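Chain lettering (A, B, C and D) follows the sequence in which the chains are written, and residue indices restart at 1 in each chain.
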Amino acid sequence: MSETGRDEPYPPVTEHLDDPEAAAEEGRRKMEWALQHMPILTELRAEFESERPLDGQTVGMAMHVEAKTANLVELLAVGGADVAITGCNPLSTHDDVSAALDANDSVTSYAVRGVDDDDYYAAIESVIGHEPTITVDDGMDMVAAIHEEYPELIDSILGGCEETTTGVHRLRAMDDDGALEYPVFAVNDTPMKRLFDNVHGTGEASLATIAMTTNLSWAGKDVVVAGYGYCGKGVAGKAAGQNANVIVCEVDPRKALEAHMEGYDVMPMAEAAEVGDVFLTTTGNRDVITEEHFEKMGDGVLLANAGHFDVEINLEQLDEMAADRYEARDGVEAYEMDDGRRLNVLAEGRLVNLAAPIALGHPAEVMDQSFGVQAVCVRELVENDAEYDAGVYDVPDELDREVAEIKLDAEGVGFDGLSEEQREYMGSWQHGT
Amino acid sequence: MSETGRDEPYPPVTEHLDDPEAAAEEGRRKMEWALQHMPILTELRAEFESERPLDGQTVGMAMHVEAKTANLVELLAVGGADVAITGCNPLSTHDDVSAALDANDSVTSYAVRGVDDDDYYAAIESVIGHEPTITVDDGMDMVAAIHEEYPELIDSILGGCEETTTGVHRLRAMDDDGALEYPVFAVNDTPMKRLFDNVHGTGEASLATIAMTTNLSWAGKDVVVAGYGYCGKGVAGKAAGQNANVIVCEVDPRKALEAHMEGYDVMPMAEAAEVGDVFLTTTGNRDVITEEHFEKMGDGVLLANAGHFDVEINLEQLDEMAADRYEARDGVEAYEMDDGRRLNVLAEGRLVNLAAPIALGHPAEVMDQSFGVQAVCVRELVENDAEYDAGVYDVPDELDREVAEIKLDAEGVGFDGLSEEQREYMGSWQHGT
Amino acid sequence: MSETGRDEPYPPVTEHLDDPEAAAEEGRRKMEWALQHMPILTELRAEFESERPLDGQTVGMAMHVEAKTANLVELLAVGGADVAITGCNPLSTHDDVSAALDANDSVTSYAVRGVDDDDYYAAIESVIGHEPTITVDDGMDMVAAIHEEYPELIDSILGGCEETTTGVHRLRAMDDDGALEYPVFAVNDTPMKRLFDNVHGTGEASLATIAMTTNLSWAGKDVVVAGYGYCGKGVAGKAAGQNANVIVCEVDPRKALEAHMEGYDVMPMAEAAEVGDVFLTTTGNRDVITEEHFEKMGDGVLLANAGHFDVEINLEQLDEMAADRYEARDGVEAYEMDDGRRLNVLAEGRLVNLAAPIALGHPAEVMDQSFGVQAVCVRELVENDAEYDAGVYDVPDELDREVAEIKLDAEGVGFDGLSEEQREYMGSWQHGT
Amino acid sequence: MSETGRDEPYPPVTEHLDDPEAAAEEGRRKMEWALQHMPILTELRAEFESERPLDGQTVGMAMHVEAKTANLVELLAVGGADVAITGCNPLSTHDDVSAALDANDSVTSYAVRGVDDDDYYAAIESVIGHEPTITVDDGMDMVAAIHEEYPELIDSILGGCEETTTGVHRLRAMDDDGALEYPVFAVNDTPMKRLFDNVHGTGEASLATIAMTTNLSWAGKDVVVAGYGYCGKGVAGKAAGQNANVIVCEVDPRKALEAHMEGYDVMPMAEAAEVGDVFLTTTGNRDVITEEHFEKMGDGVLLANAGHFDVEINLEQLDEMAADRYEARDGVEAYEMDDGRRLNVLAEGRLVNLAAPIALGHPAEVMDQSFGVQAVCVRELVENDAEYDAGVYDVPDELDREVAEIKLDAEGVGFDGLSEEQREYMGSWQHGT
């Protein structure tokens, strides 16, 4: 009997579907489309195919099982690994993609959309049942389950990779407590990921999702962006690029000043609430937009969140204030005040570019960069495992550079090398003013 | 018996639907969402309601029957008119909106989605059967039918309004032939419409539609924009605003120079074909992208059209060249060449922001401006009909100004007035260098 | 005795200088620098040299005699013309450039810096003494003098060209009165000139001049732009491109709306006065910034004018309000109010990119386009003089195209041609929706 | 006798000038203009005046003695310190500003323009003769002189501040060798300085200086930016904001990718050399543009450097290649090749916004931020000297925040605070996905 009290291990996705072959075919079509726009994974595929760096390894994964991730999975398989995967969120799995993965001889997929909590964790256990030598996580569930329930496997594990902010934070906390027993790369923290994922990925996907959910325009709108970190900068820049008048709200005076010097209007949310047409939160904090702000907003405003959790807009307060509430449009909930003002909340205040009905998540090119880093980190764990003790590691500089170079090559973009003299010059500080 | 050879006139939409009341409710929800973001129509509604400028008039319309247009229809009704409407394209009608309109006592809607040609023209005849005193067209079908089939009505017609480029061109041709027998406002031609509709409407809607159809990003892409008129400028500016590297192709050296001075790369399509990642045509001309260009394009390029007709990308040639052709994704047809390159055509080369499966057409705010001009032009025909003989008229300056002022008021945007001294100064040329 | 009552005609510049040869050498250095960045004139020079289209003609000119203009003069000479030139403003002449021109065998230059009114007009008479067959004006002084004082020359004059708004307006007034007796091209009015001269020339030159006059930065500044015509769009766009927060003031609601939709803040000057850091007028009107605005401005604001005349900022009122007034910096006059606020006026409210102490006028590339059009218009007057009766003419389309093509060629920028089928398609309107 | 072998100490500036009072008056005018646009120093002045945090301290400074720096000096004096100052570069001193400072009872200025090496170091010794308790350096000359020649003073020194990259690097080297004997704040390294100084200061000042040195335009130019660090981003962004087509050259593939994703063209210098119109180096490295690139450049290109040293463009090689060399314009040296191509080098390849004849250095607002940080760091050394042992220190976060807040207040820009709940939320990682 397993730890979850089941008699039988949770079975692969094919056993849950009526027509797994048809599903797999559809899933493969999605994967192919994505791969066509993932030059880094495509290039690594050629390399992994010829060099088989992962031969003999078993990779256990818990990630969003959709087309883009699936191409990472297949890359690892092409590199010689056996891969077992399940979802990291019951709602983000695409069953057809899961079926397509499972049809690959080197891959077993347990991901099924809409499973309950029991099955969710049972699927993780099924993955662990493959006795992975490497883990790849999006939220640290796999690492946690192994440490808590299957510590006997740790000795044979080379290490892991973690994709998200949240996962990395939990891992660092574990590491600080001395509880983390194998090395894990904080893929999330590399500038290569943050810059493109947050600035370009979140920026573009949020705006396009909002435009196509509402059939509204950005030109001339007062767009209030709460938070001026990487995501906030992305959203602000892309909105300005669609001719919106951007207003930034910040709590850090240095970032507020940065936004001001960029040419944006900067003001407290209490003032922005009176003038904004669209409000987008990107702070990672709670209660960024609350009762006092709702009171000041005009009729017809849009409220959306591009931060990780759905705590930035206080919907409980909004619900209490509202005289009525109805679905104004797919993905748009209107909260109607006593005075007739309608405040329109998109995607229930969840991450709008993932949670809106038409949402597609981050663009393929953006995930190509994140997943390219994942792939070379997995390879690094195999090739240089002696160098990594238990702990959380930043992605080594040369791996970041490698992925950047692959992308540039694929795009046909050249860059310069340093001569010996230049290297020497940069290293010395003798030359005077 | 009518001109179409039917015994019975074509009936209103309600007789075609199973549950017209439920449909009407859904249609109204869509209309309300749009109206919330159409401040010009909202403001004119208050004015029309109190002043009833259209009392006693009957307006016959042939337009896209969807939520935004429906708010124009109701505005005319609120202004005192009886309105009869049908679609101007069998595929653009939303039956629920049509039902919602028909539920209005002052409106009869004959628009039904997917009708065949016979029914399409029969519905126009049903509208004409209301003996309109004013016509509002999107493509000139109503004007044509009246002149050809019901000339006896012309005497009692005050005039008409035309929304599109194509309609205006046909009207001007008619006028040149001396065949146009009542005055028509060329609403399409006013800068108020072109600037916002083409630059902002086409620009934003095309890019958002492409992003959400493909799950791809703009950042770092080489985006080739064919044509640097209003639409081309909009597409180019908005793409640059999403961090694309924009390449402009033009046939007019002055426009080519304008684009070059704006900072864009400018080159012939034969060169652009080799470097572009995305191709967007906005020329209004045929065969802008042809065989010689397809041959040079890289694997995975996107081809889309933002011009009126589907003739800009020569799909016949592409089809002949292709070894295979398949649906790569909803709204994306992949043409696979012998050498394995995949050229991805969006929305069958039709106007992408209208024809893609997820397309929504122009944003509500943009249509608000066009329809605001329509409404004041209809009012002008009633109030000053003596001033207009048969012919095509530009929208009078003061009507454009009125609509602009309403929009600015609604947005809370102020502007300056001219003093007497300033007016005088601008009128004189005595003051020397 | 001449019309000005002199016994002797006004002599060429060389007779006014101590060391005309040294001056000519310095003048030539300036001309060469400018010519290096005037590809259109350079290209036309090769053509004019081989084809000598102006053989036998005499061109009389009254223009700003500085390096850029001098290259137009030499181009006409290279084309076969004898040229006589004087200044169009006593303060804009560079004596060294004037000397360099005069050293050319085919050119006589009467332009001397700082002459009084008598000498200014005497110099014009000296030019007319050459019996020009073509005139090129910047402000219409030459045309006026010929019509008023030397009507006997008109018969042998093929026509003229006029560079400025003011000149064109005066010419049109003359034409309306039936007083204009030879054809003149309104070079000023062609989009080729307006777009580049006003948008890019005025925009860039104004901002760079202000930055280098004040040692201040644009980033984060609230920059108020009065007027949203070509110049205003240029200034606004370039300021936003330096990370200023742009505020537009307008009197035309359609332009106000255009600026709003572009993403700028739009408000009346009375409001903008309270928040602006820098104020730039581009309206062409008087009293754009007056007492009521000065009262509201903050300490340290900058006030500058990029419009033609120095009437936009009411300095008389400002002077009356000021408790003190002093030169805060070269080119900056501080008006100190009773309450200690200092309002800083640049270049005495004159066109800042020409009148500031460090000002250089428009960039060479911009003048290259204007002067390229001038040159082909002069050639047109010779080659097709039969086609032009007395009157004001727009620059023919094909000449504009020719100049644009030369520029694009020089920059190595290619553009597309139209096929026969495409031409036909654009001409027809049979193809349906 | 002093260490420099003189009998007499080097005297203050007043003894070097003919009319020190007139000079002081002119110097004060310059200081007042700058101060008007330095809100941070202005605000700190009010605080320092009432709290006198530097009472009893003596500050020894070696910095560029011009109007902006002078306002920092006076701020320290107003705060209670005696200040002795000299220049940090013989060519950057403004004698009039130096005289104005020396006229302040609490300040002695030894800075004189154009002194020779002996006098330069003698002036530093004169400053040290005041027995400073705090040092403020721009290049570390003061710290070095004290450690080498006057170690006996170190005991009474609280600490120092260093403004430049170079100085900080030398200090860190000293610190690594264990040779640095008092604490020094690396003011240069704080993001507050880098972001504004490098991005906005270098970006805007370089472009405006080049435009006003050449009378050329940016629109439509191919502008090659070498290096995509803070300075390179600033230059690239500001050039694009003037409608240039920006080309980035980089040696780090990650930065190259960042530039590519921003939408810029990215290529090696060997390719960029063929297409660029203007070349701007910002790398901090040597030999960025060399013989192989000069060979490929077109006629009339501009070459300028915005990096610290004049080693980025290899002028020795250029000189060897050139057939001729002459001053094409003030601040522009033309190198003429055998084939007639002219390559124009601005400001001898030195930092263009400081070394061009018309250069003014960084804008006042930018220096206001750097100097604001300097001032609060000096205050920190007095108030919390017990906290700092010998070594190089980053500017404490709270000081950066303080300066940012002062600037925002002065600009009337508000920002939000964090509630207790929000602080707690940000500190915890219990909340799940």
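Miscellaneous remarks
Rule of thumb we're sticking to: contacts are C-beta pairs under 8 Å (C-beta built on N, C-alpha and C of every residue); 3 or more make two chains touch, one makes a residue touch a chain.
Because the structure is predicted, anything quoted here is derived from the model rather than measured.
When chain centres are set by their Cα atoms, the one at the greatest distance from subunit D is B.
Separating the CA-averaged centres of subunit B and subunit C is a span of 40 Å.
Distance between chain centres (mean CA atoms), subunit A to subunit B: 38 Å.
A straight line joining the Cα centres of subunit A and subunit C is 55 Å long.
Touching of two or more other chains is recorded for residues 196, 200, 219-220, 240, 243, 260-261, 411 of subunit C.
If each chain is drawn as a node and touching chains are joined, the picture has every node linked to every other.
By the touch criterion given at the top, residues 219-220, 240, 243-246, 260-265 of subunit C touch subunit A in their complex. Of all residues in subunit D, only 29-30, 32-34, 36-37, 196, 200-201, 204-205, 207-209, 211-212, 214-220, 237-238, 240-243, 299-300, 328-329, 332, 342, 358, 360-361, 363-366, 411 touch subunit C in the complex they form.
On the subunit C side of its complex with subunit B, the touching residues are 89, 139, 166, 169-170, 173, 191-192, 195-196, 200, 249-254, 256-258, 260-261, 266-269, 271, 284-287, 308-309, 311, 400-401, 404-405, 407-408, 411, 413-419, 421-422, 425-426, 429, 431-433.
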